[in-house]
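My structure is below; once you've seen it, I'll send some questions.
Think of it as A, B, C and D in the order they're written, each chain with its own count starting at 1.
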Amino acid sequence: MFPADFDYVVPRSVDEAVAMLVHYGDDAKVLAGGQSLIPMMKLRIASPRVLIDVNGIAELAGLRRDGDRLVLGALCRHADVAASPLVREHLPLMHDAAQLTADVQVRNRGTVAGSLAHADPAGDWPAALLALDTHVTVAGPDGTRTVPLAAFLVDAYTTQLGANELITQVAVGIPPGRTGGAYAKFERRAGDFAVASAGVQVTLDEAGRCAAVAISCGAVAPSPFRARAAEAMLAGQALSEDLLAQAEHAVRDEASPFADTRGSVEYKRHLAGVLVRRACVAALARARGERVDTLHL
Amino acid sequence: MHLEGHFTVNASIDTVYAFLTDPARVSRHMPDVRDVIIQDADRFTVTARVGVSHIKGDVVMKLEIRDRRPPVSTTVVGRGAGLASVVDMVTSFNLEVGQGGETLVHWRGDVTISGKLAAFGPQGLLDRIARKNIDTFIDGIRSGLSART
Amino acid sequence: MTHSVRITVNGEAYEGDVEPRALLVQFLREQLGLTGTHVGCVVGECGACSVLVDGVLVKSCLMLAVQANGREVTTIEGLRRGGRPHPVQEAFVNGFALQCGFCTPGFVMAAHALLARNPNPTEEEIRRDLSSNLCMCTGYVQIVEAVKSVGSDPGTGRHRGQTPERGDSTP
Amino acid sequence: MTRSDSRYVGASVRSKEAPRHVTGRGRFVDDLVLPRMLHAFVLRSPYAHARIVSANAGRAAHATGVYGVITPDDVVRLTTPFKPGRYAAGLRVPVPEYATAVGKVRYVGEPVAMVAASSRPEAEDALELIDVEYEPLPAIVTTEAAAAPDATLIYDELGTNVAWQGHVSFGDVDAAFARADRVVSANLGIHRYSSTPLEPFACLVDPTPERLTLYCNCQNPEVVYEAITEALGIDGVRVAVPDVGGGFGQKIHLIRKYAVLTALMAVQTGRPVKWIEDRSEHMMAAGHSCDQEFDVEAAVRNDGEVLGLRIADTDDVGGSVSTLTIHFTNKLNNLFNTYRVQNLRLEGRSVLTNKCPVVPNRGIGKPGMCFIWERMMDAVAQELGLDPIAVRRRNLVTQDQFPYTTPNGNIIGSGDYQGLLDRALKNIGYEDIRAQQKTGNDRLIGIGVVIGLEPGGRNAARDMAIFPKSKQMPGAGGVEGATVKIEKNGSVVFTLGAPSCGQSHETTAAQIVADVLGIPPDRISASGGWDSSLSPWGVSCANSGNNFHLYDIGAVHGAAMRVREKVLTLAAHLLKVDRSALDLRDGIVGRVPSAAPNSSADGPATITFAELGKIAYANQALLPEGFEGGLEATYYHSHPHADPGMLPDETGRVRAQYTFGSAAHAALVEVDPGTGRVKVLRYVIVSDNGTMINPSVVDGQIYGSAAHGISVALGEGFVYGDDGQLLTLTLLDYGKSTTLETPRIEIEHHPVPDPYTTLGQKAAGEGAAIPSPAAIASAVENALSPFGARVRRLPLTPERVWNLMHVSR
């Protein structure tokens, strides 16, 4: 299991990386975590001629708080998110997603930005971060630009990222008070990609009603999407069991999954609804200040 | 996977038929072509870049124009290797003269992917790639024909 | 084109040339003869090739050897301390926590990394963490018990570090 | 040693294998390196079904670093086809089978060519340069399509895809159905899975001038040994088996293709050649268990007694005739499970499809039979409104019936089936759970309690029950050897007749030797891996068939007894005492204190093994007259029921296997109504493995095989697309359970010693994989009782369970 031969280059800065991307064009791939890329190269269903290893670019590492935003460098690993007290306290939805992504070893290497760039329809980060106020900053030959995640994700495995661009950071707005979020995922077995997943971020008003809600669904459409119909149902309401049941039904209709070995269209639609409802319940409890562990379904 | 459809071209049936059975012209409209080698009047080899994200690579496709029944039908049969997989493709065209002298092109495409891509390539995705490639091919032919008239 | 690398493995520095496409596991097994790190799958799903890179648990089949340039790698052969088996290794022997032994080095490395982070894990925590590694023989019961036995042994509190100190390894 | 004076047998003696494995010092085939060694890769078919128009190695042969390419033409030219072995006993027409596909490919992943180069990357690069032209044919992926009259033929020679049909019948089945109060019927199915050892196939061939040595991780070395001799026409062959990373049946059969290809490559290039399979190759082409479909009818009385059973079985055997009837014949080992039913008819069909060939796996054939019996017990209980446990009790073989001969001729030495059930029910708290279920709550909790057998000791003549004219039987019964040697320095080594795949054979055998020779296990070691030139192997040389406990234990015990005799003879002579006054303890031979109360003989009272060793090997002058030098003995053991002349009688009755462990399994599950996920809350086993030599080792075997059966029941398995593409090439997609899905299994031992084995031992290996799928099915059906759902097929993936709730609603 050897990849086809390739050249390996190590830029020391973002500018240098961009220059390399411009130079090699479509023949090159950026190597960050490599946890999806390297297996595909070993299977030879991916054969880039050049790998640009950005792991040595110090400015891309880690995560930090910047005012009301959490900023993840392009090299921020899943494990960095999982271990961050900041994330745990303010963005439990992301803490959930980090816990539920792949396994320990992969979380130690794989990056959040790489996951967004790969845009696997069943990946955790595109779905999870879509329920939050997420912006992606990319660097290219003409400088940097920042786009909302919803615009960044174009289609299955397709993003706005140009062949000569590279993600430099991902910024997530830290929600204000009385909010809670949760990410729920159904997988065939531990470590797998999602059969379906859902992210929910709820903000309550002083009366305990739903002031604002964001619902994202993963793996049940070519690209993760916001369940707008369900969101509209919940916004401004007291979140009763009945209302949640209606939202569950609405999500089923909004999903457009394809059938594969992970499940039929009908089953995936059903799961999308179930997961949204369960994530809603967990998010709501967290918004009320209750401690809720990551859902393991 | 099976796909089919039809389109109309403002050209005579003979012109369309000649276009569809000319390797040099047909190959020019195949998606993401990097290289074309014409062997003879029926056979040609196309190298195309196929895939999305990092599941991407060159597929070398050997094609043959078969079952020429001028000017009403023909079939392009192709087999390509790349991405640790084999792609089998059969595209057939049936031509019909429309009421205004234009030509109605009915096409049917069958694509089968065998090998590692079939198993490792995310499912659902392959169908999308195949569909996209056939759509681009048909669009290309259509615009190629339109450009001529 | 090959690349010159300098990789410290189990406390010893190796300098040499590697092809970019050589995986870390192949460098360890074929270039250094450290055959304790095993290959059980293609795509990083079995964990048999787990090693520590700068103290962090990774699958050495999902990392290029050239990426380990300038780093410290610890393999199963380097886990011994002062010529004695590591407490995790002892626990696996005493607890019958293996059968064919093929997954064992990876499990030992993964258990070691878990215990370094969390010296007294619960059964649930152990099972959640070790779900990264597959074993076809044991049904995992004795593995989980062995890890639990290390965690509960106060005598092993000293093995909190990630990588054994240099010179303390006997490959 | 008698059964009562064991010191080490029966204790969880520290593992002898574990220290090397935990330190990374196991030696597996891929760890071995030879000078000038080449690396081989296999080119495989991307198609499920296609004609090979041509295969051209020209470009590959000239690629950088390449030393050899083997195409199907070379294989036909340079090798002889495999003889159809007993796994294909039902083959009616000779069909040559080679190491690669020839003329046609019949499943995705079938080997087509091999290339060898000086490095692995170069070899893999060169694979892409072998030009194979295929003409695709329609892929047949269901037995229904295969059996259709107009189906494309997978083997033209056979004229049909239903490659074999036959039946066995015992008792008077028609009479049983005639006097039944009722007939209960069900269509049942078990899917395709395998045992996926973590170490894939591996071969390393060293073609030295004097003979060819194959290092191979095979379970039954005889298979590759004979394959190389047959295919290459050379008898200068040595097979060596180092540490093996799991077998479970997977490494018995199809590995011979690669042994032959690697050997041919080594002979052609004149260099050592290593071939290591990768995971996806293993999943595609190393062998699967059979998809099996059963139409079952049970003739029952209103009180729950089962009078007879009729089973029509369709086995999907994939795209090869080489294992045509292996799954069917293995059902004979477990035809009646633990029940005393006298009348049974089993009809079988082996149907070819364009899927991977089938091979043995953990429990082969027996999980299906147990599944049939236990599903029918639940079905009978439901139809008659009886308690499922009561129905089982009504039909169990009772303790006063042992030794019990099943209607098809198996002799079960001992057992306590009621006792196993009682303990399992108590341990899981059956009555309490049933009571809670009646009080009603929203949770979908279910309990299933089943019982099953673990047959041990293979009898090759079994196949003749179905194929009386079969000429391939390598001797009925079974025999296996072992050698024990006290070295010159007083330590002890032993050599077993069969390889190990991780079942702690070194530890267990050392315990036997330790007790017989009176020397601690830490002074005993295995002489090394298996070696065809050194290991005393017989027809039972196999890490399969649950052979070890019966043959190898018997052999190593017998060899140790012979050495003990020599030790006593020599020591008595040297100590000048009567040998009956001597005992062996801690490596010292001395007078038994009580046996010689007034012993006043001169000379030392004791002598050590080391002193004896020096004399036995190096001081002929001190040996008694007529004493054969050395302290070494080889012994070949056979089971008393393994009569070498034994053939099936005219009704097909035959002793299929010889020992019969048994176990009751109780599963408590909860179904998530939203997702259909089944969570195993508790899993309890009460097991009778006879006398246990090392209880912790036995526990490990039970944990592992139960975990596999549970994983299979809950979703592990192969999935093919409509075009015959295998969609489960990774362990993740295949659904292998991790620590999280695998329950914490609880074991109680209830050993009833076997009257016919050396120490009372019974099989302890694959056993728990046999009843566990049935236990999960039973528990899930119970959990789904609010929906009236019936569980008839495996696997119970979340989606299938969700459908069961959904459809029934």
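In this section, a contact is a pair of C-beta atoms (placed from the backbone, for glycine too) under 8 Å apart; a residue touches a chain by one contact, two chains touch by 3 or more.
As the structure is a computational prediction, the values presented were derived from the model and not from experiment.
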(request) By the contact definition above, name the pair with the higher C-beta contact count: A-C or A-B. (result) A-C
(request) Could you grab the centroid distance between chain A and chain C? Build each centroid from C-alpha atoms only and quote it in angstrom. (result) 29
(message) Need the CA-centroid distance for the pair chain B / chain C, whole Å please.
(response) 51
(request) Take the average of all CA coordinates in chain A, do the same for chain B, and state the distance between these two points in whole angstrom. (result) 36
(request) Return the distance between the CA-based centres of chain C and chain D, expressed in whole Å. (result) 30
(request) Identify all positions of chain A at which a residue touches two or more other chains, and write them in rising order. (result) 1-2, 4-5, 41, 43, 190-191, 261, 296
(request) Return the residues of chain C touching two or more other chains; collapse runs of consecutive numbers into ranges. (result) 19, 21, 42-43, 45, 128, 131-132
(request) Pull out every residue in chain D that's touching 2 or more other chains. (result) 120-121, 278, 280, 727-728, 730, 732-733, 736, 738-740
(request) Please list, in label order, each pair of chains that touches. (result) A-B, A-C, A-D, B-D, C-D
(message) If we count contacts the way the header does, which residues on chain A are in touch with chain C in the complex?
(response) 1-8, 31, 34-35, 38-39, 41-43, 51, 53, 55, 79, 103-106, 108-109, 190-191, 296
(message) For the complex, give me every residue of chain D touching chain B.
(response) 46-48, 108, 134, 136, 280, 721, 723, 725-730, 733
(request) Using the touch rule from the top, collect the residues of chain C that touch chain A in their complex. (result) 1, 3, 19-21, 23, 42-45, 47, 50, 56-59, 61-64, 66-67, 110, 113-114, 128-129, 131-132
(message) For the complex, give me every residue of chain A touching chain D.
(response) 1-2, 4-5, 43, 186, 188-192, 261, 263-264, 267, 270-271, 274, 278, 296-297
(message) If we count contacts the way the header does, which residues on chain C are in touch with chain D in the complex?
(response) 19, 21-22, 26, 29, 33-43, 45-46, 48, 75-77, 79-80, 85, 89, 92-94, 96-105, 108, 123, 126-128, 130-144
